[in-house]
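Chain naming follows the written order as A, B, C and D, and within any one chain the residues start at number 1.
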């Protein structure tokens, strides 16, 4: 029952990646972990976003065994699962190659905080992983090792991952990450910019997480 | 009755922020002040733009008391209200993080006038505020102190606010501001550009406000 | 009868400006001249593109007298009419502030030919006008004086105009102009680029105009 | 029968060029070769993408004779056919002027591999052709001569071509090519970047082609 709901949610959130300009064709994926069963719902591999349906979502256990679904899960599944196994607090993961954020993953620059919005959402510099090969759990290992308290990480020469208490939270973080990277990129092209001071970032993060939205969140 | 109309208008204008490429996810907001009651209609906090309905708009008085509506108003409400209390001529306010204009807010450059369109709409350099924390009325104070005769202001390390005789006017100003920032950004990357002379800007502003549109406006 | 058709065409082409990413809000306009009556159909002033209907189009004679329509014609009407009066071969005119092309209008760089597509469509460097004030026919004078054999011109510190045997042709030219300006802008940011040699441009123009599309054109 | 299906497929894939932001107006085209008859289905010349229907697709033999269809085929047909005649493995070809990739075609830079995604899809540097005139088969000759093992090539001062075992594969390649060029362009503007080492690229290509999607592919 709950899994049926989660299939719908994850399907809609994968499609939202397109609507928010973060993905093209079949690249990128959203997954969510069901808090009760620990099963993970994830996008099938290589299926076009406009052909996704809740039924096509794949349900796997934490070790990659397909529990339900006719299709093969995303090629990034092992990395998602590695993160879920090592981070009990994470129930949603998003992966994209959104172009502005990915350009920082290409240059190897961590993305510092230049705006009140990114202070509020990220609370500190977005870290960058070392290079990791695709297809197995190496990316998951890099995420767990390097992400720290952040909810976003740049994957060296690849793209971005965001994690969250829910997949909706991780999706929001991935949208704001690209928006932030875009503005900061433009600013950097015109002049040398200085990140916001650390105490300003921390205060912005605290205020925002105490006041924003319709219910208090304590992330 | 009028408030019902204003809810519909403000809801549609919040959605128009998305259609004009100025906002993503839940960031950004439009408010309008009812000239009769002085009540302000504003976007609820943290609600996705595609889930907005007129009923979800929040009605507050000039001091932030919720007069009507089940949701919590935008986290920027105190700043909107500060502006309304100090500027009787303002009946609409728009706030976005539109990426090109925000890049000027990041670098701290005021946005000078390089085109006849921005001369016509802005009438002079778009000022930039000092840094202000989010969540209370500090941003509103910066706006009132620094915006002068302008209908747009860059908020340092944050985004933009536009004000207007109506919320439609403020919305238009926010669209033209981003369009202007975009072209000027491209031009600046290729070569050093000089703003238009002040007298040319003033003449362009005067001509436009005497002739454009279906009714004479005297803003 | 024909005028009714022309209203529909001009309305659809104004809306196509939005669909092709060339305009926002109310800026920009398409007009067409009826070959029989010499009447000109043009967008009304300050009306949002998504509210345009064939009935809202304004019909004027070559000297600006409104022949049919309840609304005031575009603020650029006098300039359109100046061009029609001085160029018998022109039956369609498009004006936009499309951002990449406008950035060349801001810097004052004529847009040279770097690709086979722009060779085919433009046949030579796209000229740039001197600065002209808005609201009267000064822009039209600049166009007639500076456009030469070109079907496109950059208007200094303003935007672009394209002219054509038909308004559809002028619309196409405005789309290709922005696409060209975009690619050339990116190339210029990375390295110094050299325009195509003049003979290559001329040959590309000739071949294309002899072979492209479903009917031979002899423009 | 099969040709009817292929008309529908090729029509939908031409329209997908628009949906993926690769083309505007009438520029760009997709073709596919029917494995049984060797007939090629291609976009008609100069028809707007939103007016394409399966019936408007043109069927030609490998030497350009129209086998079925009322319209004239794309001006690029001779180049498509040259490739099909010289590459038995190719059953789909896509041509666009997508702006970021085209900017590399303008500067004459081959596009090196900076990300795991482009390693996986391209397997090595995307080559660039010499300049070729449009309208005959010269572009096809350049493709066959310069593309080597790649499935994508930059056409000097023009745009891009991708080839594939199917037209869907070529379409995917054209989408990823533009996405890659976009991120790499941004990265290059901020700092000097180094391509991935060749062995990393090769390994990424191998892993991806062994594991991605719903069926093993052995391209």
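Going forward, a contact is a pair of C-beta atoms (placed from the backbone, for glycine too) under 8 Å apart; a residue touches a chain by one contact, two chains touch by 3 or more.
Here the structure is a predicted model, which means the values were calculated and not measured.
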| item | value |
| --- | --- |
| Numbering shared by both copies at the subunit D-subunit A contact, with half separating same from different | different |
| Distance between the centres, which are taken as Cα means, of subunit D and subunit A, whole angstrom | 31 |
| CA centroid of subunit A to CA centroid of subunit C, Å | 43 |
| Two or more partner chains touched - positions in subunit D | 189 |
| Chain contact topology (line, ring, star, complete or other) | ring |
| Subunit D partner contacts - residues on subunit C that touch it in the complex | 20, 114-117, 120, 172, 175-176, 179, 182-187, 189-191, 193, 196, 200, 203-204, 207-208, 211-214 |
| Of subunit A, residues touching subunit D in the complex | 24-27, 44-47, 71-72, 75, 97, 99-100, 102-107, 109, 131, 133-135, 157-159, 185, 188-189 |
